[in-house]
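Look at the two complexes coming up: chain A is in both, with chain B in one and chain C in the other.
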Partner chain A sequence: MEPVLFILFGAIAVCGAIMVVTRKHPMASALYLILTLFAVAALFVLRQAHFLAAVQVIVYAGAVVVLFVFVIMLINVPENRMPVERVTTVRFLGVIAAGLFILESAVLARRFSMPKGPAAEVGTVEAVGRALFTDYLLAFEVTSVLLLSAVIGAIALAKKKI
Partner chain B sequence: MIEPSAYLLLSAILFGIGVVGVVTRKNVLIILMSVELMLNGVNVAFVAVGSFLGDAAGGVFAFMVMTVAAAEAAVGLALLIALYRLKETIDITELKVLKW
Partner chain C sequence: MSGPLFDLTVAIARIAVFFAFCFGLVVVMTWVERKGAAYIQDRRGPNRADILGVRAWGLFHPLADALKFLFKEDFIPDNAHRLFYQLAPMFSLAPAILGIAIIPFGPDVTVLGRKVALQIADLNVGILYLFAVSGMTVYGVVLAGWASGSKYPLLGGLRSSAQMLSYEVSMGLSLMGIFMVFESVRMSQIVTGQGGLLFGVLPKWGVFVQPLGFILFLVAQYAEANRTPFDLPEGESELVAGYHTEYGSFKFSMFMMAEYLHMVVGAAVVATLFFGGWQFPYLADAGFLFPGGAAVTLPPAAVFLLRIGAFVAKVLFFAWLYVWVRWTIPRFRYDQVMRLGWKVMLPLALLNIFATGLIMLLLKK
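Presenting the complex of A and B:
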């Protein structure tokens, strides 16, 4: 069952990602981004990472993409002022470089051997919470400073007068 | 049984598509979304490797990446709003006041 689900949700994630970078209007991109994020959350469930799957849906699809949608509607760029995309040499080389990167990673991933077996119980709420509040307590606390600075920065930047 | 390398390959593909979006698009909003795609590709690798090795650190790192992604989106979109108010454009090639 796992291979079928992996291929299904992996294909959905990759197709959604391709649509995100190829759509003309940012709103279509945002909706395809939600599709990709849900497919990735399904892959997390496949690896028994239930906590992260829930956080992925709540934080990414529920907060980050909604923020994107708000900004798209807030600035509401008229259709004729959208940037016109043209194929230039630099852009073409960029796509080729990304393709080479994927190929190189595929070759490296095949040589990287790991014990394969059923998913270990490390992604449950209990296991992640235990690791987060013991071994990684400092990182967890520093995260609060990061979020605070992001909040202050976002408010300060979006104010009328800087 | 799915090989661990299949998850790593999927992660690399998602990251690569994100890179394509960042280098080819001119719309700042879509560039920011492509960065989110790249961070998500990294998360797939963290979660998969963490669960195959039986180590909870993978999940913790993915959690940190999500926090950074949320902060990055908030600050990036605030910058975008400030820029749009100033320049009336979301074309990244027109935002070049730092270039000489």
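Presenting the complex of A and C:
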């Protein structure tokens, strides 16, 4: 059952990601992005990383993409004034680079064997919580300070008078 | 029955029964809302729909509503973005339905010699799943507002996205105290954790352990469900009907169903986290066990029925509370909603976490 689900959600994630890039309307891109994020969350669940899956949906699908949608709504470009995308040399090279990257990942994936069978209980809420507050306490706290400074910076930049 | 077949049957049966319960309650709640509003405003409320002369206190009105919605013209405004306009009601209803999955409706039961949990999915991430799912609700509202191609819905959609994001923060933080006290985010473990007694007298319910957390969570939930006093996304006096102004027929009724389903699921979550879920005060597995030492032995079937009854009664009460609050408290102004969310709720939620941690630390010593 697990390989079937893996292929199903993996396919949804990849197709969704391709649609995000190729759709012309930004709102369609945003909705496909949500689909991709959900599929990736499902892949996390398959690897027993329940906490990561929940956080993925809460933070990315539930908050970050909402802000994207918010911006798309406010700018609201009419469909006949959408920018026309052209094939440029840089984009062409980008596609080749992406192809090379996929090839490279495939070669690497064959060389290093992936862990098989059900993953160990490292992705549950309890395990992640314990790891964050013991082994990775310093990194955790430093990250929180970093995020705080980012918030203060954003307010300072956005508000002319504080 | 063999193992996998049994599991499948149980899974389907659970989904069917809980789904039917919640949707049945949605139908009843539309009636309760109008009847409640009427009696609070000194009116009689809906009482005219009848089947062969039987009026049944207006209970047939939800049926009449459904028929009306089904037979109305299903129009799409010219200015609308067709695809997104049609997607929006689905985006609205789906998260509300998904929320049903983690609610424990009763204690474990034994069927054909096997233990069956009365919960569709007892997830490891528990209540975090509900946050993830209810975070999706905002897309329905925002998409409806934007795709309608009209100004009032757009304003409603904008208001709601800001409001829902703001209150999601305090909603999550207000539950931290519950997680700390019951040492779990699993719904089933939180319910079992509430079975004990506090100081030997009070049931150890979330509301007694976390009174501030309860109030914060309840307020945040009303804001998340877009119910009065936080119904700014559809404020009739300013925005016609807000984000669903341009919707009619069954699409409109899907928005309504989503709202009422949110109320039902919300009521069940409050009952589960703060009022012991299916726990009946002083009722143990063998029967009543009062603090004084008096005991009444009851057969297991009676205990089971009492517990299911307790859960349903709690859900009904909190669903009614939504109606009661709606017709009692007027709508906030937008700046008041934002100020309450960020400058009152958020600091109080953080204070609650700190105080809970401090008390737990002192009690341990």
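As a working rule, the second predicted complex is superposed on the first by the 149 of 162 C-alpha atoms of A that agree within 3 Å, B and C clash if a C-alpha of one lies under 4 Å from a C-alpha of the other, contacts with A are read in each partner's own complex, and residues count from 1 in each chain.
By our rule, contacts are C-beta pairs under 8 Å (C-beta built on N, C-alpha and C of every residue); 3 or more make two chains touch, one makes a residue touch a chain.
Fair warning: this is a prediction, and the values are worked out from it, not measured in the lab.
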Task = After lining both complexes up on chain A, report clash or fit for chain B versus chain C.
result = fit
Message = On the A-aligned overlay, A:A42 touches which partner chain: chain B = first, chain C = second, or both, or neither?
response = neither
Message = A:A63 in the overlay: touching chain B, chain C, both, or neither? Say first, second, both or neither.
response = both
Inquiry  = I'd like to know which partner A:A54 touches here: chain B for first, chain C for second, both or neither.
reply    = second
Ask   = Touching A:I75 in the superposition: chain B (first), chain C (second), both, neither?
value = first
Task = Could you tell me if A:I102 is touching chain B, chain C, both of them or neither one (first, second, both, neither)?
result = first
Request  = Kindly classify A:T143 by the partners it touches after superposition: chain B alone (first), chain C alone (second), both, or neither?
outcome  = first
Task = Report the partner of chain A that touches more of its residues: chain B or chain C.
result = B
Message = After the superposition on A, what does A:G10 contact: first (chain B), second (chain C), both or neither?
response = first
Remark   = Taking every C-alpha pair between chain B and chain C in the superposed model, the minimum, in Å, is 13
Residues of chain A contacting chain B in one complex and chain C in the other = 51, 55, 63, 72, 74
Task = Over in the complex, which chain A residues touch chain C? Could you list them?
result = 27-28, 31, 34, 50-51, 53-55, 57-58, 61-63, 66, 69-70, 72-74, 76, 124-125
Chain A partner contacts - residues on chain B that touch it in the complex = 1-21, 23-27, 29-30, 32-34, 36-37, 40, 43-44, 47-60, 62-64, 66-75, 77-82, 84, 88-93
Query = Tell me, which parts of chain A touch chain B in their complex?
reply = 2-3, 6, 10, 13-14, 17-18, 20-21, 23, 26, 29-30, 33, 36-37, 40, 43-44, 47-49, 51-52, 55-56, 59-60, 63-64, 67-68, 71-72, 74-75, 77, 81-85, 90-91, 94-95, 97-99, 101-102, 105-106, 109-110, 112, 114-117, 119-120, 122-123, 127-128, 130-132, 135-136, 139, 143, 146-147, 149-151, 153-155, 157-158, 162
Task = Name, in rising order, each residue of chain C that touches chain A in their complex.
result = 81, 83-84, 87, 123-126, 128-129, 131-133, 135-136, 138-139, 142-143, 145-146, 154, 157-158, 161, 165, 168, 185
